Structures are given as structure tokens and as C-alpha cells.
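Look at the two complexes coming up: subunit A is in both, with subunit B in one and subunit C in the other.
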Partner chain A sequence: MNGYQGVILRVDLSTGSVTREPLDPAVARQYLGGKGLAIKYLYDELAEGIDALSPDNKLVVMNGPLCGTAAPLSGKLAIAAKSPATGTILDCSIGGHIGAVIKFAGYDGIIVEGKANAPVYLNVVDDEIRIESAEKYWGKGSQEVELALKEESGEGSEVLAIGIAGENLVPFSCINTDLYRQAGRGGIGAVMGSKNLKAIVVKGSKPIAVADKERFLTEVNAIFRKTVEDDHNGWAFADGTTGNVALCNAAGCLPTHNFQDGSFKDFAKISAEAMLERRKHKKGCFACALGCGNFVKNETTAVEGPEYETLALTGSNCGIADFDAVMAFNNACDDLGLDTISAGNVVGFAMEMTERGIHDYGIGFGNVEKYLEMPQLIASCSGVGAELAKGVKYLGEKHGQEDCAMHTKGLEFPGYDPRGAWGMSLTYATADRGACHLRSYTVLHELLAGSVPARTFEGKSKLVADMQIMNGAKFSMIYCDFFDVSYEDMATIYNCVVGGDEMTVEELKTIGNRVATLARLYNMREGFSKKDDTLPRRLFKKALKSGATKGVSINEKEFKQMLDSYYDYMGWDRDGCPGAAHLEAVGL
Partner chain B sequence: MRLKFDHNKCLGCKLCEQVCSLKHDSHFSAGEARINIELAYTADDIKVKAHLCSLCMLCAKKCPEGAISKVDGRLVVDADLCTGCEVCAEICPRKCVTMRAGLPVICDLCDGDPECVKWCPHSALIFGGGVKQ
Partner chain C sequence: MTVIVKVQGCLQKYTNNNRCLAREIKEGTTVETLIEQVGVPRHSVSIVSINDVMAGFDDPVRRGDEVTLFAYVAGG
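Up next, the complex of A and B:
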């Protein structure tokens, strides 16, 4: 199998059994890899209604047919499970170099089952697999553990590790690699922690076969050069995602004070300029052509980031106008293993509750000193952190403040207030893992490219459906979200690497739809339906207070019409259920 | 004409290594490339390691058999003369000569059109430097 290694590694931590299974080429063709293949395994192997933190859940790690090759922006890895935060299907995408190294070790994926009876880590060196004691690493930060394991395993090794948040089963704990990169959302770190699995360390030396070397060196290089030389991609190497702070602030889309406002008067203090003053080096993932990573340093903190999402949620959303404080919060979250998006939401919610006198969490907007204490308290579930660690959905229900608990299906909101980019309202409401911006990042068209008006519903249902279907294929291939790749180029690259029967644009669209629909089927099996494709009522009831979106709220009736229209474009019925004809059309 | 490297423009993406493997060995590989560039995080910093041939010619000068020579500006290994003594790999100051199947593997600048340069996203690698980096 060109591109693939044709092998899935399956490890049962309950029994200690390790097996190498062949990857069925027909299934690989139907689901590619990454998100698609991970969801396929989970749909087939997880029983309905399991506890996401029980040994019944599985941690599925999948690279894709291009990972490890020089296909641009293909060095990503999907990590998937049933989400402990939402109860939905959950797939995360992590960068760094670990995906490629898993391929070099000879695997298209790793499936971890069961639960070890004491802390362990998985040590993979080509065909040699060992489950080793992690007693000495338990309770340690993910960065310290990664550096220690790399030292032990030697040059070329890469690590996936959790911090103490994952050990403590925090439902917004993440998995780290390359010190500062995460499989961030939905509590994927807690799934690893629930298995007593502290880390996976991998080293590999196997080659990856390619179907057509000469075509790759000419045709894929042409796609690579086009991508690098496109001015629209210049943002990545220039400022990375930090450029979005000023842009979203101007558009009235920057979450501020727990989504009470869409612009932040001190936005400049957490903007790209502040990052550039502290930047020491650029950094990219394996096979990256763009290079969004910014390694920054000040007197006390070194960190890659903070990314836009972190600046928005843990910066303006918490009223923090201090770049150094956000850096410190960011680095603490990385090491402790907390998702900064959800952590920023939780802290922002606590600040609002305190200021409105609903419950005193001892922290108000802009209180840097208390803010910097939060990551440790949350990750260790101590003090106020014990309650905050349960997430915004829980907190909203507890205080009868569901309207301002900013989540969908239990996943906290990313850094784009939908009142400033209306397509994002549908994106959050319908994303398979709860409020996620990446499944259909309409902001790209609404604000970054400016190719469609931001504050209208017109055309957004089709835009969201088209993007979710395309990402079904793109996240399975598995490409970085930042690769603005066409179906045509995806097909060309696949054909150069994998070969065999010609991959066409039409087949890729069907694969994308199949993956999106299978995720929907998984969630339906868990009891999710149209009623869950919704938004916190703050967006419908409260208008933003200042800036470009002053006076703007989401019209609920029009939102519901857009939702119906979205189902039509997805080929699902008006209850959001894929019917028999659709299932047949996408080969399910 | 030699390869020149500017670490400030490097992402550590490894595209240079991957296309080097593909060009010379017809597959992608983790450790067979004739160039090795790595950006690795330490506890509080970033470390750059760059192993690429600067055409210093030390390997050719020290080869006891005279098996390495420069032809048209590129290093060429004469497999008939080479005895696999590994002096070249040991002496290389940039650690960019490796041994495989008893023969040295050295950058040949892809016969004057280095593939790595064509895939370097932000021109951290360029070809044409006349001055030692």
C-alpha cells in the first residue's frame, strides 16, 4: 500500500496484549485515514451509551496516507474517542512530528483499549512494543515528561503526553506533543488519563513507499510552490494566528467579558505586535509549508504561541490586557494539559458570575493575579478549581445561568462571537463534536478573505454544509486546517502518493460526505438530535454592546430556517437525520 | 556553488530531508537523507541542528584511497576505489556523511539542481552561496 504501511497497532492495556492488524485496503479507500478512519473504527467498535471515561472507550490515533511524505501540510495526526465532555464522537487534530514518526515506525494508526492497573506509557520502536511503568512520571507536567522520554529514547523519537489535568480526568484536558502542540478539545486527555496511560513514545526507521516519484516531484511541488507563493498564505509566516486579534476586534467578533461584548478596548495589548516584540523563532510542523508557529520568550516564560484562540478566550474574554500574563496562562495550560479555549471560557464565566453577584468565585474580569492561579487549581481540581473543572455546561446548569454558559453540546465556544460572523452560529450549532470552529470555518470567507458578507444568513447554510463535507475528506487525508487546498489538488496529491484507481473530485466529495454522515450517525446513536443543534440563548437575546457589532444579536427564527436549509444541503431530513437514500448515496 | 542555510527562516519542517530521500532512494524515510536539519525545543529554548555539506572537501582530502572527488562542482564517490573505511564519515565536521552498505552517502547537490532547495518553504536553504556559511 503506497503511502500507507498497511498496519494498525492495537494495544489492550487491561490484558497487556499487543497485536498488529492489517489495514483493509477497501476501508482505507472509503475513509482515507485520520478523522474518517478513526470514526469508522469507533462507530464499529464502541457499544452504544458507554461511559467515555471507562475502559470501554478507545483511544484511536490515526495518521493518514500522506503523513510522513513531503505532501505539503500533511504532517497531522487525528486522535479520537467518545468525548467525556460532550458524549459525542470526538476527533482532534495534532501537529508536530508525531504523526510522521508513527508512520516511520510502521503504523497507520494505534488503537488503545482497556485500562492499565497502574500508570504506564507505551513505548513503540518499530516492531518492538513495550508497555512500561510510568509511576515516576505520574503527577508530572507533560513538558517535563516529554523531554525525559525523548532523552531516554534518543534522537528522532516523538511523544504524546498528558499533564495532571488528564490524570485528574478534567473534561477539557488535552494531549500534548512537541511541548506546545495539542489535541486540545473535548477532554481527549482525560480519555488517556482514564486508561492510566501517561504517554506514548514512538521512534521509527521504516520507509514509506510512493506510487509515482516523478509525478510527485513535479506535480506536488507545483502545488507546494503555489501554496507558499500565494499572498493569502503570508499571514502564517508573518504573524501566525495572532493577526486575527485586530481583525476580529475590528469586526466586532472578538469574545470579550464572557461573550458580553465583541470588541475589547485593550485589544492592542494582546495583538500581533505584542507577540512580535517577544518572538525568538518561527516553528512549523512536519511537512509544513506555511509555518504559523511563533516561539516567544520573556523573562519568565518560553512558549510556542499564544495562538489567536488562546488570546481571545484567555485574553479579552477574561478582560486580560496583558500579553505576558496570557503567555504564562498558556504555558501553564500546556504543561498541566488543559485546553486553553475551554479554560478561558470557564474562567470568563466565573468572572461574570462573580461580578454579577450570582456566585463568588473570588475573581473578576482583568484580575491578573487570580487569573494566573486558575490553571493549577483547575487541573488539580482543588479550591474553586474543583467546580470550574467540570466545564461551562455544568456551571451554567448549577447556577441557573444556561443562557450565558457559552457552549454547544457541552463544548465551550471558540474565539469568534457568532454575532460578528453569522455563519459561525450554524458552525457551532452543527459541528459533530460540539462548538468547534474548524469543521466549517466560515470566518475565512466572512472576515479573512471578505468574500461573503459577515452579518447575513444568506448563503451560509450551503457554505457550512460545503465546508463540513470538504473537511470530512480533508481531515481524513489528513491535512492541516490552514491548507486552503482544492478537491482537485487533494486528488492529484493522493494519486501521486497512493496510486491505484484514479481518485477523483467526485469520489473525494462522497468520502467527505460519508465521514460527516457517519459522525452524525454516531451522535444520533448516543441520543443527539436536532434539539441539540443549538446555541446558548445569550446570542439570541442579548445584543453586543460596542464596536462594529453594537446592537447585533442573532435572529432565532432566521437561525432555525438556516438550520433546516443546512440539513437539506447535507442530504439529511428536516430532523437532521440522514435517510436511507442518503446513506446509500454515500455508501453507508 | 554550495548550499547555504539561514536558521531564522527555517521551520524545522523536514521537507528538505523527505524530498532528498525521495530523489535519491525513491521513498520517504526518517534517516536516509543527505541533509539533516532539526529544530528542537529544550525546556526553555529552541535548538537548531543543521547537518549539510559545505563542500569543505575534508572527506576527499582525508580519503586514503582517493575515492572521493569533486566533478563539475559536485562530490562523487568512486565505489570501485572505496574500501568502506569510514574515515570520511568520521572526519566530516558537519556530520553529513553517513555509511550505507559499506559506502559513504554524501550530498551530490542533485547534479546541480538541489531538490531540497525547491521545497524549502521560506528560502532557509539556497543554492549558489560562494562563501562559506
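Up next, the complex of A and C:
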């Protein structure tokens, strides 16, 4: 199989069995890899209603047909499971170099099932697979563990590791690689922790077959040049995602004080300029032409980031106008294995409840000293962290504050207040893993490209549906989200690498819809329905207070009309259910 | 009159790598005209702000305003 290794590695930690299964070429054609193939395995193999933190859940790690080749921005890896935070399907995308190295070891994916009796790590060196004791690594930070395992395994090895948050089953714990890159959302780290699996170490030496090498190199060269030389992609190497701070502040969608406002008076202190004062060098992932990573350093902290999401959620959303404090919080979260988006939401919510007298968590907006204590408390589930570690949904229900608990389906909000970019209201409401910005990042068109008006519902249902379908294919191929790749370029590169029957744009669209629909079916099987495609009532009831979005709230009636229209564009009925005709049309 | 122009990200390649510029313009000059005077291609600018609040390309620039030009940025 050109592009693929044709092998899935399956490891049962309960029995210690290791098997190599052939990858069915027909299934690979239908789901490509990454997200699509991962959720196909999960849909087929997970029983309905399982406990996400039980041995019944499976951790599915999938690269894609282009991964490991020079195809631009194709070096990512999907990690999927049933989410312990939401109960939905969950797929995360992680960068660095681990995706390619898994391919070099001879695998298109790794499926980990069961639960080890004691802490272990999985050691994969080509065909040699060992389940080894991780007793000495349990309780250690993910960065320390990664460095130690890389030293043991030697040059060329790559590591996926969890921190103590994952060990303690925090529902917003993440998996780390390359020290600072994460499969961040939905508690994927807790799934690994629930299996007593501290790390996966991989080293590989196998080649990857490419169907038409000459044409592949010509096309890759053309895409690299188009990508690097285009202003529309130049943001990555210039400021990275930090450029979004000033932009979102100006647009009035920068989360501030737990989404009570959309602009932050001290935004400049956490903006690109503050990052540039501390930047030492740039970083990128395997086969990346953009190089978005900023490695920054001050007297006490060295970290890759903070990215926009971290600056927004753990900065302005917590009233923190101190770039060095955000760096320290970010680095602590990385090592402890916490998702900074959810952590920033949880801390911001605790700050609001404290200031409003709802419950005293001993921390108010802008309190840097207490703020810096939070990652350790949350990851270790100690002190106030024991409660905060349960997430925003739990906190809202416990204190009767559901209206201002900023989540959908249990996943905390990313860094774009939908009152400043109305398409994001539908994005958060309908994303398959809960409030996620990446399934249909309408901000791209509403603000960053300025191609559609931000504060209107007109055209947004089609925009969200189109983006979710495209990302069904893009995240399965599996491309970096930051790559503004077209269907045409995706098909061209796929045909160069995989060959065989020609992949067309139409087939890619069908694959994207198939993947999006299968995710919907998984969630329906778990009891999710139209009632869950919603938003916290703060967005409907409360207007923002200042800046470009002063006085703006989301009209609930129009939001519901947009939701119905979105279902139409997806080919689902007005209850959000894909009917028999649609299932047949997308090959399900 | 003098206005301050801030140029974000990769747009600085059009301003000799300067992030912050002072420009003398006539009363009533629009943001779009100012962008032209600064030498940044209009199609490379995604949105603009005046005094940190999003503005339109047809909006007039006033004395003492600070105008920020944002490059296209994808992702987060």
C-alpha cells in the first residue's frame, strides 16, 4: 500500500498481548487515516455507554497516508477515544514528529486497549514491541519523562507522555510530545492514565513507498513555494498565533473575565509584542513550511508558546495582564499535562464566582500569586483544585451557575467569544467533541480574512457545514489545521503518494461528510441529540460591555433558525439525525 | 496631521521591518488610502482597527488616531 504501511499495531494492556493487523485497503480508502480511521475503529469496537475511564475504552493513535513523506504540513497525528469530559467521540490532533516516527516504525496506527495492573510504558522499535514498567516515571512531569525516555531510547526516538493530571484522571488532562505540543482537549490524557499507561516511545527505520515520486516532488515543491511565499500564511513565522490577541481584542471577541467582556484593557501586555521581547527562536513540526512555534524565555521560564488560546483563556479571561505569569502557567500546565484552554476556563470561572460571592475559591481576577498556584492544585486534585479539576460543567451545576458555565457538552470554550464572530456560536454548539473552535473555524472568514461580516447569521450555517465537511477530510488526511489547503491540492498530493484509482475532489467531499456523519452517529448512540447542540445562556442573555461588541448578545431565536439550516446543509433532518438516504449517500 | 500606524506580523516586510510608523496625512483621509500610503498591499490586510477597536476600510482617520493593520492569521 503506497503511503500506508498496511499495519495497525494492537496492544492489550490487560493481557499483555501484542498483535499486528493488516489495514484493510478499502477501509483506508473510505476513511483515509487520522480522525476518520480512528473514529471508524472506535465506532465499530466500543460498546454503547461504556465508562470512558474504564478498560473498555480504547486509545486509538492514527497517522495518515501522507505522514512521514515530504508532503507539506502532513506530519500530524490523531489520538482518539471516548471522551471522559463529554462522553462524546473525541479526536485530538498533535504535532511534533511522533506521527512520522510511528510510520517509520511500520505502523499506520496503534490501538491500546484494556488496563495494565501497574504503571507501564509502551516501547516500540520497528517490529520489537515491549510493555515495560513505568513505576519510576509515575508521579513525574511529562517533560522529565520524555527527556529520560528519549535518552534511554536514543536518537530518532519520539515520545507521547502524560503528566500527573493524566495519572489523576483529570477530565481536561492532555498528552504531550516534543515537550510543548499537546493532544489537548477532552481529557485524552486521562484515558491514557486510566490504562496505567505513562508513555509510548517509538523509534523506526522503515521506508514509506510513494506511488509517483517524480510528480510528488514537483507538486510538493510547488505547494511549499506557494505556502511560504504567500502573505496569507506568513503570519505563522512572523508572530505565530499571538497575533490573534490584538486582532480579537479589536474585534471584541477576546474572552475577558470569564466571557463577561470581549475586550481587555491590558491586552497589549499579553500580545505579540510581549512575546517578541522574549522570543529566542522558532520551531516547527515534521514537514512543516510554516514554523508557527515561538520558543520564549525569561529569567525563570522557558516554553514553546504561549499560543493564542493560552493567552486568551489563561490571560485575559482570568484578568492576567502579565506575559511572564502566563508563560509560567503555560509551562506548568504542559509539564503537569493540563489543557490550558480548559484550565483557563476553570480558573476564570472560579474567579468570577469568588468575586460575585457565589463561592469563595480564594482567587479573584488578576491575582497572579494565587493563579500560579492553580495548575499544581488542579493536576494533583488537592485543595480547591480537587473541585476545579472536575471542570466547568460540574462547577456550574454544583453552584447553580449553569448560565455562566462556558461549555458545550462539557467541553470548555476556546478563545473566541461568539458574540464577536457569530458563526462560532454554531461551531461550538455543533462540534462533535463539544465546544471546539477547530471543526469549523469561521473566525478565519469572519475576521482573519475579512471575507464575510462577523456579526450576522446570514450564510453562517452553510459556512459551518462546509468547513466541518472539509475538515472531516483534512483531519483524516491528516493535515495541520493551520494549512489553508484546498480540496484540489489534497487530492493531488494523495494521488501522487497513494496512487491507484484517482482520488477526486468529489470523493474527498464525500469522505469528509462520511467522517462528520459517523462522529454524529457515535454521539447519538451515546444519547446526544439536538438538545445538546446549544450554548451557555450567558451568550443569549448578557451583552458584552465594551469595545467593538459593546451591547452585543446572540439572538436565541435566530440562533435556532441557523441550527436548523445547518442540519439541512449537513443532509440531516431538523432533529439533527442523519436519515437513511443520507447514510446511503455518504456510504454508511 | 500626524497619525500612528501599527503594522502586525508579516506585513512588516512592506515597512522595512518597522512595527510602528508615524505618517503625515490630510484631514479626511480614509484607512484604505492610508494603507496605500504606507505601502502595504490592500489584499494582504485582513482587518483594521482604530484606537484598538475594529474599523472599516472606508472610515476616516482623525488627528491622534492609532491605526493597526492586521495580516491574515489562520488558526489558534
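Quick notes
Basically, the second predicted complex is superposed on the first by the 588 of 588 C-alpha atoms of A that agree within 3 Å, B and C clash if a C-alpha of one lies under 4 Å from a C-alpha of the other, contacts with A are read in each partner's own complex, and residues count from 1 in each chain.
Rule of thumb we're sticking to: contacts are C-beta pairs under 8 Å (C-beta built on N, C-alpha and C of every residue); 3 or more make two chains touch, one makes a residue touch a chain.
Just so it is clear, the model here is predicted, and its values are computed rather than measured.
In the superposed model, A:237 makes contact with both subunit B and subunit C.
Judged by the touch definition given at the top, the superposed model places A:101 against subunit B, while subunit C stays out of reach. In the superposed model, A:559 lies in contact with neither subunit B nor subunit C. Once the two complexes are overlaid on the shared chain, A:210 sits against subunit B while remaining clear of subunit C. Once the two complexes are overlaid on the shared chain, A:143 sits against subunit B while remaining clear of subunit C. Of the two partner chains, subunit B is the only one touched by A:69; subunit C is not.
In the three-chain superposition model, subunit A touches both subunit B and subunit C at residues 237.
Residues of subunit C touching subunit A in their complex: 8-13, 19, 41, 44, 46-47, 49, 52-54, 68, 70-76.
Interface residues of subunit B, counted against subunit A in their complex, comprise 8-15, 18-19, 21-23, 25-32, 39, 41-46, 115, 118-119, 121-122.
The residues of subunit A lying in touch with subunit B in their complex are 68-70, 72, 75, 97, 100-101, 104, 143-144, 147, 156, 178-180, 204-210, 213, 216-217, 221, 224-225, 228, 237, 280-291, 293, 295, 297, 302, 304.
If you check the complex, the residues on subunit A that touch subunit C are 231-239, 241, 243-244, 246-247, 249-252, 263, 267, 272-273, 292, 307-309, 414-416, 437-438, 441, 443-444, 447-450, 481-482, 484, 547-548.
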